[in-house]
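Look for chain A in each of the two complexes below; its partner is chain B in the first and chain C in the second.
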Partner chain A sequence: MALANRSYAGQVLFVHLDPFEARVEPLREDVAELLLGGRGIATWLWYHHQPPGADPLGPDNRLIFGSGPLTGTPAPTSGRFALVTKSPVSGGILDSYSGGPFGQALKFAGYDFVVISGIAAQPSILVIRDEAISLEPAGDYWGRSTSHTERGLKATYGAHAEVVSIGPAGEWGSWLSGVVSRERIAARGGSGAVMGSKRLKAVVAAGTGGVQVHDPDGFAEGLRLALRALRMSSPIDRMGKHGTTNILELIDVAGALPTRNFQQGQFEDAEKLYGERWRAEVWSQDVACWGCPIHCSKIAKRDGYMLDGPDYETIYSLGTTCGIGDKWAIVEANHICDEYGLDTISAGNVIGFVMELYQRGYVTAADLDGIVPEWGDAAAMLALLGKIARGEGIGRLMGLGAREMSRHYPGSEAFAMQVKGLEMPAYHPNAAKGTALAYAVSERGACHLHGAPLVELLGGANPLTEDGKPEIFRIHQSEAAVIDSAVLCFFTSYGMTLKELWQLLVPATGWDYPEPRALEHLGQRISTLARLCNNREGLTRADDTLPKRALAEPMADGPAQGHVVRLEPMIDEYYRLMGWDANGEPTADCLHSYQLDGLLNGHVVR
Partner chain B sequence: MNAGKQQRLYRILNPNDGRAVCVAADHGWMSDFTPNVAELRRIVGQVVEGGADAILLSLGQAMRLGELLKGRRTPALLVRADWMNAPRLGGSNVANAIPQQELRHLAIATAQDALDLGASAITIYLFLGFDDETEARNLATCAAFAQECRRIGLVCIIEPLAVGASVTGANIVDVLITGARMAVEVGADMLKIPFTGDVESFRRLVEAAEVPVLALGGARSERDTDALELVAEAIEAGGAGTVFGRNVTKAPDPAQMVRDLVAIVHEGRRVEEIKPVEKPGVIQLKGLTDRCTGCLLCEINCALVHGYGGNPLYSTVKIYSPQPDRAYKRKTIYTPRHCTLCNVCVEKCPEGALYIADGMVHLIEEKCNACHICVDECPLGVIAFRDDQPIFCDLCGGDPACVLACPEDAIIMLERGGGNGAG
Partner chain C sequence: MIAVEVRLSAALRERLNRDDAGPVRVELAPGATLPDLYAALGIDPAQVALCTVNNRYPPDGYALQPGDRVRLVSPVAGG
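On to the complex of A and B.
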């Protein structure tokens, strides 16, 4: 049965920017069944088409956008797309996701994925409308904000055209920049710089097609069960009311809320940042991504301003890790990131790092264009953020990340809180050992969305022990890989499980996944494939590590007082569970057990 | 099983069908001071009035409210014999004063204490998916209770919960089945266990369990048919009934909720009979801006049910948002727009191909020349176009897909010309 009747579009679009060429290839069925979609297939496409060792900011780096089988269906949170490329930050594979309707639009246009290579001769906009693919000059859009760009392009191409764009931060090549879609962003790992290096300001997609699932009645039943599970979930209810901020109090109580560049795990002004306070003082309305009944997003409203209500990660990065508890300052900083196309997690983490550099005398105000970055000084934070956003002065170095910056200040690597160059998100590794393992090992760098068992901080396990964490991480990592391949939002997992996802995917695709465990196996296949991609780019076990603050600086106070991360035994155990050798390379047996050996050689061995 | 235990078992389960509608009202000591806790006396009174077979109370509440259970036809008393802090952990935390990080669980009453209060059963938790130490200690507690219950003739209900970090969607059903077996092996007479989400998987659990299995409901859904459908499915799968807490105690009318559950569990009535969807005569839609989150599920479902593959390009309900003209209005509000029978398209059609009847616009296909004028002139932009023809809202034959799909009740259905809203 054709892929188009299994909820795929069935085609991959290849675009080379200069000389401009667009060609279409069918999506392979065996690949779709083994790797599902989204992350899985995009990683395979990258493996096949990306020359090893390519410069991430050069013409050979492939920038891939795409979707999964559930995209374009009414599955909850299906309004989401995937982005895969080589990261300038880590030098390895980057997979990143964003809420927004771009994945749908691309699929309605007839393509599950678009693989973009080359560098345009001038700043350009790629336009995809069904079979009509063209490259238009970006003109005055180059240099403008993401919201201006999106508004203008929708006015030109119609209300049903969907846009992804970079802001000025991506244009100047900041490694902290991402790709924006409406009020969301595929933020991490420098994808904005990749797109900027291609002189690609935006991609527009519009389509007249639709999505046909394999078994509509079965799918309707799976949908009924999934939606009911979400409605009857108390964590989802909290998420809907307070957004991701609903966990801030819990993380602070656990002593895992990074404060002042991870020097502490609790913030003295945390109460000002509880979800209830945001709801009472800042937020006016709930907003949802396409197809989402959870509506975690909020509108911050004041004096005619209607801005994105920041989420938990942003409240840490542009708040607690800089010692700041001023909600409106965080809202403003978040808005700058939205407009300029910056990853709030990395941007804020780097600013916190600079504040510590200043605290410890590594830098003075003269080194920072006159800015005095005292802890808790929101004006200083905003000033530094502006520098990064515009690539001015010290912003040009800060905009390359904490690791790059720490190379200029020997000794500061110990507290550059990053892994593989990607800045840490909002959970202190010393207070959450399973999450620490995830930071060390995740393919794109320090990441909380590739299986980090945050449940350990939310009552599911003792966060302060390393015991049993590799196995817990492994199962959550494979679940995350499946969610990212379906493509659904990670937040569905707070209310529905892989079982409900399986009940949606089987009738949607008709693939032979006999039980939810089959999806777990598929998820591990994808993690293993991603590992191969990184190995091919030269990443080794040495890159699966943590900064010295996590490994050797005991927490000074709080519930995790005295703790460091005993990482190596966890990594040994994790590699063993995954079937990889002691260096973290998948063995031949492992590849065979996932049917990857055949897949990578062009055929499938069953 | 001794005579006392046997009697008490059938004080809980109806001997005619071996099933029970139980209501859990023991949340007070583990959760925050929500209205269902503050008004417990009134709610228990209503649960009694509704005709529940059993009611679960904490020890203290059993002492205080036990008098409400006097009488020949009142619910059996189940007593919570242990304490745990799981509702104050992480994601389930119901926003109370002191969140906690690590699971703690211990016995706080003996089976004899419960018997002294006139209980028919005690209930205890069995936590799965945590570390081995926690599981072992928990199981020891369960075993001790089961043995005490055996000696004094009390029914022992064990409640396996799979909420530890080692549980994922891939293994949750298996973990619950394992937990059910462990409970039975250790001496449980009955199980209280989460509904696994669908009939097929719950049936596997019921078959593995051997003892009567009561399904738990979880958090209260805003959609009142969810709890009822869940119970109907649990019964279909062979379950012996249900233990609902919040779905009853937080309901606007707990007595009615209990009556509805009794109808499903004991009278075999179907949910559609108990909660018929009102079919007003001729209907119209209404969009509510302050509820709309812009999720577009209305548009997606409209385009799906009419065979357009879910592409909102073909939807006749449109979510309108004003185009922000300034960067600082980056976010926007959303208004669902739908046909209001304003007649503009009918008037502007040069071919006279349109007319209004039955609350909707109709197209005379032979007269249509695909000029597109109706689409362009519609002031709300809710006419779609495909295959050389305009597409008008057809109200889905009286059961609008957009109304069904909206998670926020931001599009509702009204009787044409007034009447109350049904969403």
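On to the complex of A and C.
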């Protein structure tokens, strides 16, 4: 296979669930060179194989798992996998990622990607072992937690097998559910509901192959330089000690810490949640994803139980946005999300939204199965989370997200803090205008990983001005697209620049990327391809917006007090920089400059 | 002289090997600016990612006032 000495497996596995069929196609070399891997290639596969307008929860929706050219090598943070599908939340393309070496196992089995279509006749488990592909009954695993499922399947298929699975939340169809592996989750956008709609409880991958890089000596040198860059980054060093929680102090001081459903940007109990307090009072152990030198993850230990520690996003969503400063309540809520397969960001955001619905009289306890959701009430937060996780009572509606819920309470859409249906992460848009743009235009909805929200809060620019933010976002969006296509962790960008990434990718693949900036162009190509996907599904400029709270409700407190987001001029400028027209449609010249015209028509003009 | 109250972020305290988690009182000459404050504390300005005074971003060249409450945060990583 032409790609086998370029760090790819060189094959794509297509699986249809009912009637069951598995077939293999070669991975096209031009596609691999122009779109790199992970997000880029999976987006192309989705564009080619997904019927336009397909129901995200129907048989035609493709669920794609995949890897990148660095997957399976010792590249730092490469123990991850990518997922692309159509989101039930946004109705557009969804890309999501998780730690856990499932991508590596899939690649060792001989496949860079697996593209899954159809709906199984019964709850099932897809098993991929080299050339042996089978669909097995899920049996008693259906209805069980993600950790139980993963432990059991590893016991059956061997320690070298890697597992992705959904929990009960994905089984009942919550749009807040994701796909879990090794207590990490491809969380955002409802991929768990897509997998649940296919009656697919888990995918197991195990292989006996390996990965061959193009230039082993060059790759070894690139690896040395990448590790050195990470080692020399003091922010990364500190993240290793305190976890991602160490940014909470910065966000609080900046007045960008979403509190009580974004009614405020500073939380009176924030200091209880600063990184060093977690270190002193909760963390008992550092852990890392496979192959990661950063080890941002933490273990919380109490009463003999070891629980995965919540990250910064979770401390916002199940903490501050609900007015909660109780660390152990957040730990417990995080554990429930892991076991049931829920996105902590969206779950906590929806609970905060319900607390505001209650505050403003839209709902009473009688509407909420008797739960009184006062701000700061951790027991109420946990009770509502349990309802979502199990799909009980009000949890059936909450489990579809803030936008769907707001449709039942006219007027509340003004403070349903979502974009394209996806709930906002942990940065108040009024206090960080580049982040506001990122939320508005990211293809999957309100996203903090398609750009770089922290840049403007770390001295890179005045966070309160819109000026210059489209260009900052465009650059970081391109970088994020490359990282997601290499399938490395976003956190590498705190130490590694595109130069270090280029020094890994070129010897690994042998692609003729002449300089690091070529990767920026590649990232813009991927973002434009994702835009084409969304346009095809009917999303338009009208979807690139923010809720009224961001656009017209002046910030209540902190350094951003009085600020709203002037969004439209930023969108105009961003589209122009990307080569898209005023409606957000990529122009013919733009498609040609990215070689997408040829790629999408089956061949590349060089 | 004027006195201002300064809180250093945990990351900044760690970089400076300081263990004073609470506010630090700093005396400066009248008309002192933020660079003067950094010099008084022995802080390299590049170590400061974000600064607020009285819970607001200060304008360029801001002259510190008696009783100002300053927060200084160094670069961090996470998200």
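One rule holds in what follows: the second predicted complex is superposed on the first by the 603 of 606 C-alpha atoms of A that agree within 3 Å, B and C clash if a C-alpha of one lies under 4 Å from a C-alpha of the other, contacts with A are read in each partner's own complex, and residues count from 1 in each chain.
Quick note on the criterion: contacts are C-beta pairs under 8 Å (C-beta built on N, C-alpha and C of every residue); 3 or more make two chains touch, one makes a residue touch a chain.
Keep in mind that this is a model prediction, so the values were computed, not measured.
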| item | value |
| --- | --- |
| Chain B versus chain C as contact partner of A:Thr244, first or second or both or neither | second |
| First, second, both or neither for A:Leu457, with chain B first and chain C second | both |
| Touched partner set for A:Phe490, first chain B, second chain C, both or neither | second |
| First (chain B), second (chain C), both or neither touched by A:Leu519 | first |
| First (chain B), second (chain C), both or neither touched by A:Leu34 | neither |
| Chain B versus chain C as contact partner of A:Ile371, first or second or both or neither | neither |
| First (chain B), second (chain C), both or neither touched by A:Asp308 | first |
| More chain A residues in contact - chain B or chain C | B |
| Contacts of A:His448 with chain B and chain C, given as first, second, both or neither | second |
| Which superposed partner A:Leu126 touches (first chain B, second chain C, both, neither) | neither |
| Chain C-contacting residues of chain A that also contact chain B | 233-235, 238, 247, 249-250, 253-254, 276, 453, 457-459, 462-463, 494, 559 |
| Partner chain B, residues of chain A touching it in the complex | 72-74, 79, 101, 104, 108, 145, 147-148, 151, 155, 160, 183, 207-212, 225, 227-229, 231-235, 237-238, 247, 249-250, 253-254, 276, 285-293, 295, 299-300, 304-308, 335, 338-339, 434, 453, 455-463, 467-468, 471-472, 475-476, 478-479, 493-494, 496-503, 516-517, 519-520, 559 |
| Footprint of chain C on chain A - complex, ascending | 233-236, 238-239, 242-247, 249-250, 253-255, 266, 274-276, 296, 311-313, 426, 448-449, 453-454, 457-459, 462-464, 490-491, 494, 557-559, 561 |
| Parts of chain B lying in touch with chain A, wherever the complex brings them together | 86, 88-95, 98-103, 129-131, 163-173, 196-198, 201, 217-223, 226-227, 229-230, 290, 293-297, 300-301, 303-304, 308-314, 323-324, 327-334, 386, 405, 407-408 |
| Contact set on chain C toward chain A in their complex | 9-11, 14-15, 48-50, 52, 55-57, 71, 73, 75-79 |
